[in-house]
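Lettered A, B and C in written order, each chain numbered from 1.
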């Protein structure tokens, strides 16, 4: 079935382009995360979808119908705001029942439905509280219940976890994902937190500078980043500049075997995830001498910060993995498996993946 | 604002402006503009127009386009035979009293307001109720209160005499100094009429305003700035001089100017406390428009001159501030 | 240093209170003249002011009418201007707000003289409705400021939230904007009320001696010397001011209205 889709949607404020022409579709019932650093245009995109901002160009389609000119109050997409935007002069129940009451539903019926929704978000019995009496996590649940009360076709969340502390955030991500899957509602979440996106999303849209860098499921975004921006923004990666030669890449004086096919002599950037590099005795290609500069022990993870022949790099081991036990100053060799090395063109314009 | 995250310059706009929610939105601004122009602007224009008018016999006047009133304001009615600077002198006293009283009010209100902003919010609210109540007190009540306090037969002079303070002052010889300042008659201290009483009362009139005007700026002072200076070894006074005062220079100047302009129009306090030869333009305006003289055009001229003088001071202050900003 | 500060604040409070206390004390005099401390204290003057002396009761009634009507009128005029300023930020709304605050910013005697001429031409001189309009215009700046502060305190994302839940602009105005600005509107009303009650110079020029408010009546009586009944008027006015401002402090955020920083408590 058709979900929500954008065709050539763009937005400029005066001379500043916030969102470049964008084609994007949000499959029905799935959760899409708009992920990117602050200022990348993701919130503007969300606000255009909500109807709070008019696109400069392009059309927005919902189930095949053009809704570009529909104002926000006609679209009635439920939205959870970064600040939650709960009405301080109403009680919790009145907040949740707001869309129902102004939509003409009777007081009693609206109350009943609001109570049911509060149960759903585990806030049964909080209906008479004032907003000021709630904790951050409770406020967020009220905001979610309020946005869902009108049974929206599309559910929008703008940085929904940013006001919560780290621990609560992880719990809420799982809870929100479970709720979304149960309701089967088309959902768009704006976030700058890759863990949040990875936790919740069926599909991640990585954005930077008003344009889309990559659209893919979480695992693909992580393991097959489309370009250096995505590789850098999602997870950690060691980057090295090199030149393509026959069968591989030369970084400084070191030849590394890689799998990508580029024309010889072209400048490239290679990336390798810290957990894909290894310090072991297995033979093979791509062994680089290195010295341990710093050991960062995080409990479940251990990071070795190395100074290698091709530059500084980080190698990471999870607890339970068989790895060497090294300390600062030790000499070692790092193996970079050819299949783990990603090769990107260097100084090339950012490509738009699809 | 959620949009601020992505585009700081973005103005909140709404999609779908197609529906015009209030049809009255077109009518209301028109009506308001008319009202404001008629009531806020027209009276001033009228004063300006009448200031070029001419007094005829009795209390009446006619429209005209004569500069006689302005000429009279600067050199007197008998010019060129004789030059009187009476009206300029009245303007001078308007400035004299207003400058001293506004400075006195701001300088004493500043430390008070600083202390006030450091109190608990609820305590601040109590003080503000007190300050606002005194602010709302009518000029006539305040003058009445100070009049009772300063009159020769009651209040402070009586207190001085009864407690023997007068006798003591005479003994140590300071009484003569007070007499030289015009604050004593041969028998006792006297405050009516005196510049002291005038300035005191005027200052008292605007003092609550000074607090109210300084309050926002002072309560927004970032305490961590002063704390940072303290950690770098600056003493209390150095902090005040190098951090606090420079950061409130603008509100300080603005407050002083506003109070000054307000005080230019003081009427009741001057009539009661100032010596007749030191009466101000405001008193003259009154006697021309409503009082004994009944020369409305000349009263209007004086009002215009007062307004011009006030705006000159305001723009001068503005200019000085711009220069100071530029010098940085 | 702390002690020094408290001493200074105490001294200020004393000087501020001094003339007020004197006036209030003088109200208790039983004779016709003002003494402080009062001679033979009595409450008879209160009866004279509120009940038996027509000069004062009429003046009090006039004051009440002028103040309440002027406050209502000023709030009614200030609302659309403040709302335009907030919602559009257009140049015309800025100009209107600036011009509307002008009378409060110039020496009041100049505006008083101007209004005196104005009403003489339009036939309102000496009419009580002209006095009401005059005060509303003079004090328009106050509700303009308080209502603007109230509107600015509304988080714009609340309006966005209302829109995404199906609220049209009118509905959002009724359910979000209005409830949140009520305390600020009331504060603006009370500021005008109290200041109009105590205003003297403008009402003096526009009343043209054909009616008297309490402040005018006191000024008229000044020539005949003070009487304790005048002091009763002062007490009444003071009581009204304290009551009103306490109410504003109790039900509204007075420090914020006065421009204090929101974030610090």
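Following the convention adopted for this analysis, contacts are C-beta pairs under 8 Å (C-beta built on N, C-alpha and C of every residue); 3 or more make two chains touch, one makes a residue touch a chain.
Which protein is which chain? UniProt says B = ABC transporter permease.
Just so it is clear, the model here is predicted, and its values are computed rather than measured.
Averaging Cα coordinates per chain and for the whole protein, the chain whose average falls nearest the overall one is C. Chain centres here are C-alpha means, and the one lying farthest from chain B (ABC transporter permease) is A. By number of C-beta pairs in contact, the leading pair of chains is B-C.
With centres taken as mean Cα positions, chain B (ABC transporter permease) sits 59 Å from chain A.
Chain B (ABC transporter permease) and chain C have centres, each the mean of its CA atoms, that are 18 Å apart.
Rounded to a whole number, the gap between the C-alpha centres of chain A and chain C is 55 angstrom.
In chain B (ABC transporter permease), the residues that reach two or more other chains under the touch definition are 2, 12, 14, 19.
Listed for chain A are residues 47, 51-52, 71-72, 74, 81-83, each touching two or more other chains. In chain C, 155, 157, 160, 163, 168 are the positions where the chain touches two or more neighbouring chains simultaneously. Those residues of chain C that touch chain B (ABC transporter permease) in the complex are listed here as 1, 5, 8-9, 12-13, 15-16, 18-20, 22-23, 26, 34-36, 77, 80-81, 84, 92-93, 96, 99-100, 102-103, 105-111, 113-118, 121, 133, 137, 140, 155-157, 159-160, 163, 168-170, 194-195, 197-201, 204-205, 215, 218-219, 222, 226, 230-231, 233-234, 237-238, 241-242, 245-246, 249, 254-255, 258-261, 264-265. Against chain A, in their complex, chain C makes its touches with residues 155, 157-158, 160-168, 171, 175-176, 179-180. Residues 1-2, 12, 14, 19, 21-22, 28-29, 32-33, 35-37, 39-44, 46-47, 50, 108, 111-112, 115-117, 121, 124-126, 128-134, 136-142, 144-149, 154-155, 204, 207-208, 212, 215-216, 219-220, 236, 258, 261-262, 264-265, 267-268, 272, 282, 285-286, 289-290, 296, 299-300, 303, 306-307, 310 of chain B (ABC transporter permease) are the ones touching chain C in the complex. The residues of chain A lying in touch with chain C in their complex are 47, 50-52, 71-79, 81-83, 85-89, 98-99, 102-103, 146-147, 149-150, 156.
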